[in-house]
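In order of appearance the chains are A, B, C and D, and numbering begins at 1 in each one.
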């Protein structure tokens, strides 16, 4: 029971959803949207598991006074505090929605969540630089090609190479060249990857549907 | 008639010119504008000669295609500014506006509030600017005859997708054939893939160094095929880690992935004969937020200094945030993703990268199980068909003989 | 101006220290990544204080937006859709600010909306920035009369579709809760046939593509785009087919727009930062290679793995 | 300098995250913990109000008359509820059912969508005549070269992905060419993204210098 039922469920849903691609009518014609709706609802349930787990781990750390337990206090307080602020903002009658600009939830979003996210994203600028310094070295033919392509696109996308070579080559030669690289060789590479992915997804989905690959239900053979 | 059309046109042009100059409102121009307006007689554009409506094929009966002949007055620079499309229920006959199209356009799809099996009538009005004798102007709408009643129909098979079915069945059948063949025995050759061959060594390294192995299953939920592939790889990695008694940690950014990863690892550990070594807390949820997850995993990487880090699944901007940190922390890193935008970053920062298709093949490789390897052969068969098709298609297209792409392009 | 000279001075000094980095690299002692970080931070930060003009070529796609707006008679109605969130603001906000300033100076009426929840908020920031400009402040554009913010509406391209029959259906009231019919600027505005130009600032979906497909193709609106650099290439087919009358792509596009309307602002400064940052990355890539070739000469083992271990 | 408390909080958190670039430190750990806690709570609320209340509850029980209830959403709630059996260890195995459903549906649905959009349509897009002409009917060298490159790159790139054939001889040579194209792709895509990443950093710097410190006009 514990093993066969999940396998059967996977098989049936897999086949039905695959067939639905060819059927325009009824709910089968809209499986993508319907499934999307279901998933969002399941996520709303499942997030309890995650959040309770996060809280549990933090509380255990605090209780055992493990190394750096103080930060677990911060996590727990911020988690509970944000949820409380969100619930208050969502249910208090003076707000239309929990996202209203005046709600405490929105205050947290604007002044804590957003700057943290933006900064974490911005850190990438530094990493992009250090990764190029280290990795883009002409160690062999492949690496050299990688290096050259990135050099021309990096220099062409902003008016950098064009302005350096302004006295020799007029106009937007490097910008155009960067564009040319993006529209032809890059298209080719991406297309090969895309077609490979299509076949990879097809074969691994078949393995899942046929029950050959069953790790998601905790199953070997 | 022959003379009238160019004449109409000419007047219309005059009217427009006069109108636009009058709008400039410049004192000097008003006089001439008045003269032109006076010279232009009041003219009415001609209506749309005919309107046809038909069911949009291969859909769920929720759209009707409306086409019309352009009004004879609709020509470049003419007075016609556009068309207004009306619809009525055939039994009531009350027309309601459903949309506008600009001049020179002759069709629209009515895709909203269409019930299958209900008869509708359509009418298309020509909208045109009329210049009056006093120089003022207004917009005229000249209605057409209504179309014959039409109803949208629900189709049960999308014939546009027939070729998708044919190609799919061919490749899927081949895949199943190879799986069956492999099951009956028979040697299956698979070539070396650096990233996959390195898995055992990478885990072994962690064992020697007495450090942890991190497995990051991407930031998408279980409704992404890449996550499923990543979890399958986790199953194999978990078995090796259990065997080597190396501590494996899986931070997740999705609750459902946490649940699935736990199931998978539990099974791997018991299969490796070490069910007791598995602890649920090896797999933990951090947060659904992409960058907070990245910040937390980064922190763990610098603090725990894992010897080996796997990134298998769907990654976005956090790919380089994580792998640069891992690189600086001296970890061996093996990444795999089918997000084409992130591959360059993994390639730059990781020791091994599984590119797109290789991510999906990895679990089959690692399992070394005949049926799994057989499915890889099916993948190759598909590639063979596509290669052949591309070659033939390009040759035939260059020779201008047949357009093969029509059998591959699906809407 | 003092800021400018200090920034220039810092850059000269930093430029000189690169010689030290080069020497160290040649000696086979590559610098650690934290020093790379410092250079990037300086390369991005210092140009913000500089008063230099980024060298730019004129492109038809940006110029055509400028010409279109200039040719509209004063008092024309311009609809602007803000389809992005703060994450793309560095690229799109300067563009939006320059555009709104320009529209006000041309005495056009501006109607704002958003298909992204945080879009109208970005719009308010852009309006605020525009009003701070003395020459705009002089004209004293009035809310409700010269501009209005209709706020966010969910439904992606279906909102545009709905606006095709009546704006009012999609936006019964503006962001401040005023009923549509009571807003002076909207009197006589039924649908796209009553606006003279539509400008979209977008960073994804829904965005410029959807506006082209629905507002331009279906309802015949004149649509111009402003997108992030990453998105811009996808829009070129629409430009070629004239479904999109013009396009500002990323900071380069925004800076060119600023230049064309003679209104050097953030985009120009940001573009300078970007050029400095790119130059820094390129310099470090070159240094990295010098280091590599030096070390290879010392140590002849050249059996290096392919990037990403691909074989 | 700003007098807005929100700007100050934002600026301090920004500095805290940036401090990680130097090394791990208590300030970063604090910001990281705040971020994890706040964002987990944030998503919890978003899931609750957007997905649970608005999508599910008001989907099944519409607040206005005349809107048809979407009963199919109940399936999602049932799956979700089964997921929660995880909380009770003795019946936790039931959670495999909804998981199997989701995995099966994902496999079936995306198998077809990717097969067509990433596979068949891409193959069709490659089938172009190698000899290209301009709109005026003249030979177009740039476009011709481009089309030939796309053809060769796609073809050899796919050969690289073959698993069941050793990369030797002519086949191996083609695979090597394929790798070259992949390298161009990666290099170019990397260089291409640098621009947008830099602009994010510019945005943060602008926030610090303009909004917080008020040093920029």
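FYI, a contact is a pair of C-beta atoms (placed from the backbone, for glycine too) under 8 Å apart; a residue touches a chain by one contact, two chains touch by 3 or more.
Everything numeric here is computed off the predicted structure, so don't read it as measured data.
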Label of the chain whose CA centroid is most distant from the centroid of chain D: C
If you average the Cα atoms of each chain, whose average lands nearest the overall Cα average? D
Count the C-beta contact pairs for B-C and for A-B, then tell me which is higher. A-B
Intercentroid distance (Cα basis), chain C paired with chain A, Å: 24
As a quick test, compute the distance in whole Å between the mean CA positions of chain A and chain B. 15
Averaged over CA atoms, how far is the centre of chain B from the centre of chain D? Could you give it in whole Å? 12
Could you list which residues of chain A touch at least two other chains? 21, 35, 39, 42-43, 46-51, 54, 113-114, 116-118, 120-121, 123-126, 128, 130, 132, 134-136, 142-143, 146-147, 150-151, 154-155, 157-158, 182-183, 190, 193-197, 199, 201-202, 204-206, 208, 216-218
Multi-chain contact sites of chain B, meaning residues that touch two or more partners: 161, 164, 168, 193, 222-223, 225, 228, 256, 259-260, 263, 286-289, 291-292, 295, 340, 343, 345, 347-348, 355-358, 361, 376, 379, 382-383, 386
Would you please write down the residue numbers of chain D that are in contact with two or more other chains? 17, 20-21, 29, 31-32, 35-36, 38-40, 42-43, 47, 83, 86, 96, 99, 102-103, 105-107, 110-112, 114-116, 119-120, 123, 125-126, 151, 154-155, 158, 161, 179, 182-183, 185-187, 189-190, 192-195, 198, 200-201, 203
In their shared complex, chain A is touched by residues of chain C numbered 30, 33, 36-37, 39-41, 44, 54-57, 59, 86-87, 117, 121, 229, 233, 251-252, 271, 274-275, 277-282, 284-285, 287-289, 291-293, 302, 304-307, 310
Under the stated contact criterion, what part of chain B meets chain C in this complex? 23-25, 81-82, 97-103, 105, 108, 112, 127, 192-195, 198, 328, 335, 343, 346-348, 350-353, 355
Of all residues in chain D, those that touch chain B in their complex: 17, 20, 23-24, 28-29, 31-32, 35-36, 38-40, 42-43, 47, 83, 86, 95-96, 99, 102-103, 105-107, 110-112, 114-116, 119-121, 123-131, 151, 154-155, 158-159, 161-167, 182, 185-187, 189-190, 193
Residue ranges of chain D touching chain A (in the complex, touch as defined): 5-7, 9-11, 13-14, 17-18, 20-21, 29-45, 47-53, 55-56, 59, 70, 72-73, 75-77, 79-81, 83-84, 86-87, 93, 96-120, 122-123, 125-126, 142, 145-146, 149-158, 160-161, 178-195, 197-198, 200-201, 203-204, 207
Within the complex, which stretch of chain A touches chain B? 21-26, 29-30, 35, 39, 42-43, 46-51, 53-54, 57, 113, 116-117, 120-121, 123-124, 127-128, 130-132, 134-136, 146, 190, 193-197, 199-208, 210, 212-213, 215-221
